[in-house]
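Submitted below is the structure of interest, expressed as structure tokens.
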Amino acid sequence: MHKFYMELIRMRFLTMLAYRVNYYSGIIIYAINIGAYYFLWGAIYGGQQQLGGLSVAQMTSYVAIAWMSRAFYFNNIDMEIAQDVREGKVAIEMIRPYNYLSVKTAQAFGEGIFRFLFFAGPGIFLISLIIPFHFPATAQGWGLYLLSLLFAFLINTQVNLLTGLLTFFMFRNDGMIRAKRVIVDLMSGLVLPISFFPGWAQTLMGFLPFQAINYYPSLIFTGVTSAARAWQLIGFQVIWMVVILIPILILWRMARSRLVVQGG
Amino acid sequence: MQNAKHIYSIFADYLSQYFKTRLAYRADFLGDLASNLISELINLVFIIVVFQHVPLMGGWSRDEIIFIYGFFLVPYALFSIFFGFWDFNERYIIRGEMDRILTRPVHNLAQVCLESIAPDRIFGVISGLIIMGYAAIQLKLDFYWYDPIIFIVLSVSGALIYGGVYTAVSAISFFSDSRTGISPMIYNIQQYGRYPVDVYNKIIRFVLTYILPFAFVGVYPAAYFLRKETWYIYAAMTPVVAVIFFGIGLLVWNIGVSKYRGAGS
Amino acid sequence: MIQVKQLQKEFRIHQSRAGLGGAFRDLFSREYKTVKAVDNLSFTVEEGEMFALIGENGAGKSTTIKMLTGILTPSSGDIVINGFVPFKEREDYVRSIGVVFGQRSQLWWDLSPLESFRLLKSVYKVDDTAGEKWLERLIEELDIGSFVSQPVRKLSLGQRMRCEVAASLIHKPRLLFLDEPTVGLDVLVKQKIREFLRNLNETEKMTILLTTHDVSDIEALCKRVLVMDKGKLIFDGLLSDLKEHWGNGTEVSFQMKKRTKASELRNVLGDMPCTIEQINDYSLRVQVPRSQEMLPFVLSTVMASFDVSDVKIMETSTEDIVRNIYRTDGEVASHA
């Protein structure tokens, strides 16, 4: 079984390699996005030393690493699930001797590794040549970031599984999936560090899992947090991961029984 | 000209076809509407939150930035109505629908546009107008009697600029033999040009003006209504840029069609 | 009406390298192989002809049809149809042709065929009164009136296919292309479509070209057959000639009531040029090279001399013929 999932990850990795126009356009998009936000933030800071608890230098690192982290955790498995459901492929997936959701997660992971190695890796290197950029100083800092990034991937994938599973009950939910994507981008701290939001909004977002997807790992990377605080953030991520697992399992069970009733 | 007239006359037929199909999936209709509204709001949230920390961004005030964003939404919505073929590669190239398109006596790009027309995106125009109206009141802007006409010309030009770039990008599918992910590119494209280009450095400003001229969709034309005289020339150039870039898009598309390989054997 | 001269179409096909390292190298440089899908094809067709283009999968049939309909641009060579060069004057040219792709629909999935017809009428600028009459005739002759206002997704394949044919004829083209029009249809629907096409050809003098895998399609409809193999035209002539020259002839198997030996059969048939094969004690197979002259003789002689319980006659399939031609792999046979 373990071997099977490894094979899935490898397959998706190879598939990603095959679509080279995708690859090149992805690099352009990420480069422009990071560049645009970098200058935008430069203009926003103007002469000011610190905004929302971050210095200009930290903000620069934050913007770059937030996009790079996104390269790893971002995937479209909710769209893929929706398509499988609409085209009736999911019924076939159900009779196969594996868990559909784990398969999707493995595929997303293969995609994530690809993007991390081929987008984020070269991207970070290029950006560090052009704009002032701070890497974590210690091996421990790197380790904490990567660990936190892994959980970020898992939580985002779970959120996607959740929206994807809703397709079983709504048939068409492309609109919702797209709305979720922009909401995640905003609430995860990709476009704005959470510390920029007014107090009441920060409190509200504390009750939501989205900042565990980007804000936590990016904070750890920029070195704004102490190691102790970093462990605490990773702890939050683990809690969120367990919490989101519950509705997924419930929805999955409901979806399966629904499929049996309808006969696919 | 004869052709354009014909396209215009079948436009109404496609429109009614669209509404008949759409009535079958009402939930989807509402979902799309909500998702578009949410994306518009979230971009607004960014502006509002940032300006809680600073009074100016590169010399532009909050309401000016909001006005530019509101303006940008109008050409973007017009563009989305007519250029909704974000799944072009999947639907027309891989599944081979282009074969059918090419055996019909209407220009093929026009057919693709008409088949994926999305009139519900007209709501983007409405939210754009509301946002602009709010900002205009805050800024106490004055308008001349001919400004609405200029507004329409600039909006249509902006939509054509997007359309031209989008058409050229979509046409990559004709040349490449692999799946091409043009939809994420388009999703991201709308990010740029919403903010004043003078906040960016020279290279990005150059790109947004001459290579992917999205500054002509937001800042430049909006600067006219904000009475920023330094940008007047750029605003006036918008229709010219539109004609050039739409022409380039069409040219790339037509070359692409002649390289079309068809699906299957 | 159709003139094709030295038509060629080449494709560049990307060769994937194997493995992870190969995929990585593909990202930066690719290897291509050039394939000639259509190689030096020439033929002419008169107005009102009804003919079939056949060949194995990958022989270049679809590519040829796509060039004839203006979808693909030829690598070299000339095509002139109805006075147009298809890929150059596409929009004017396609007004004079109709195309049915068996695998692909031109109808709106969620709407009724009638809605699609209405839209196509405005696309083709079909004159209203005459167009209306013509459409009525199509609906009547194809017998689609009873379901033409149901959504397409609720129609059976046979019903949909007849609507597809109607949709492709809405503008009364002079030339009709059908690419695998009867795949997956049951016998009755096939017959209906064939009858309709034959009638159309007779009353309107419409030129009809079809590609097919179904030999009964060709037999029912076409006199002339073009055979392609590996992009080349290897036969152009009458169906009867094709069978005479390249067919295995006809196979007749006899089931006898008593034990019968091949030599006994040979005795009654004399020196008739046919092969006789013993299948088991009671059944024998006779291979007749030219069916028209010999089949009646073989049948009547055997039936008269033996106690026959069952007879099966098997015609050579088009696939067999194509395979035979391919095996000979010789000069281009032309009997046009």
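Order as written gives the chain letters A, B and C; numbering starts at 1 within each chain.
Quick note on the criterion: a residue touches a chain if its C-beta (ideal position, glycine included) is under 8 Å from a C-beta of that chain, and two chains touch if they have at least 3 such contacts.
A quick note: this is a predicted structure, and the numbers were derived from the prediction, not measured.
A comparison of C-alpha centroids places B closest to the centre of the full protein. A centroid comparison over C-alpha atoms places C as the chain most distant from chain B.
Looking at contact counts per chain pair, the maximum sits at A-B. A separation of 46 Å divides the Cα centre of chain B from that of chain C. Rounded to whole angstrom units, the spacing between the C-alpha centres of chain A and chain C is 52.
Centre-to-centre spacing of chain A and chain B amounts to 27 Å, using the average Cα coordinate of each chain.
Counting partners per residue, chain A has 18, 20 as the residues that reach two or more other chains.
Annotation for chain B: residues touching 2 or more other chains are 178. Under the contact definition stated at the top, not a single residue of chain C touches 2 or more other chains.
Against chain B, in their complex, chain C makes its touches with residues 11-14, 37, 57-58, 62-63, 66, 69-73, 87, 90-92, 94-95, 97, 99, 101, 104, 106, 108, 110-111, 115, 118-119, 122-125. Per the touch definition, chain B reaches chain C in the complex via residues 3, 6, 9-10, 13-14, 17, 20-21, 24, 96-100, 102-107, 177-178, 258-262, 264-265. On the side of chain A, the complex with chain C involves touching residues 10, 13-14, 17-18, 20, 23.
Against chain A, in their complex, chain B makes its touches with residues 25, 27-28, 30-36, 38-39, 42, 45-46, 49-50, 52-54, 56-58, 172, 176, 178-182, 184-185, 188, 191-192, 195, 199-201, 204, 207. Listing the residues of chain C that touch chain A in their complex gives 16, 20, 23-24, 26-27.
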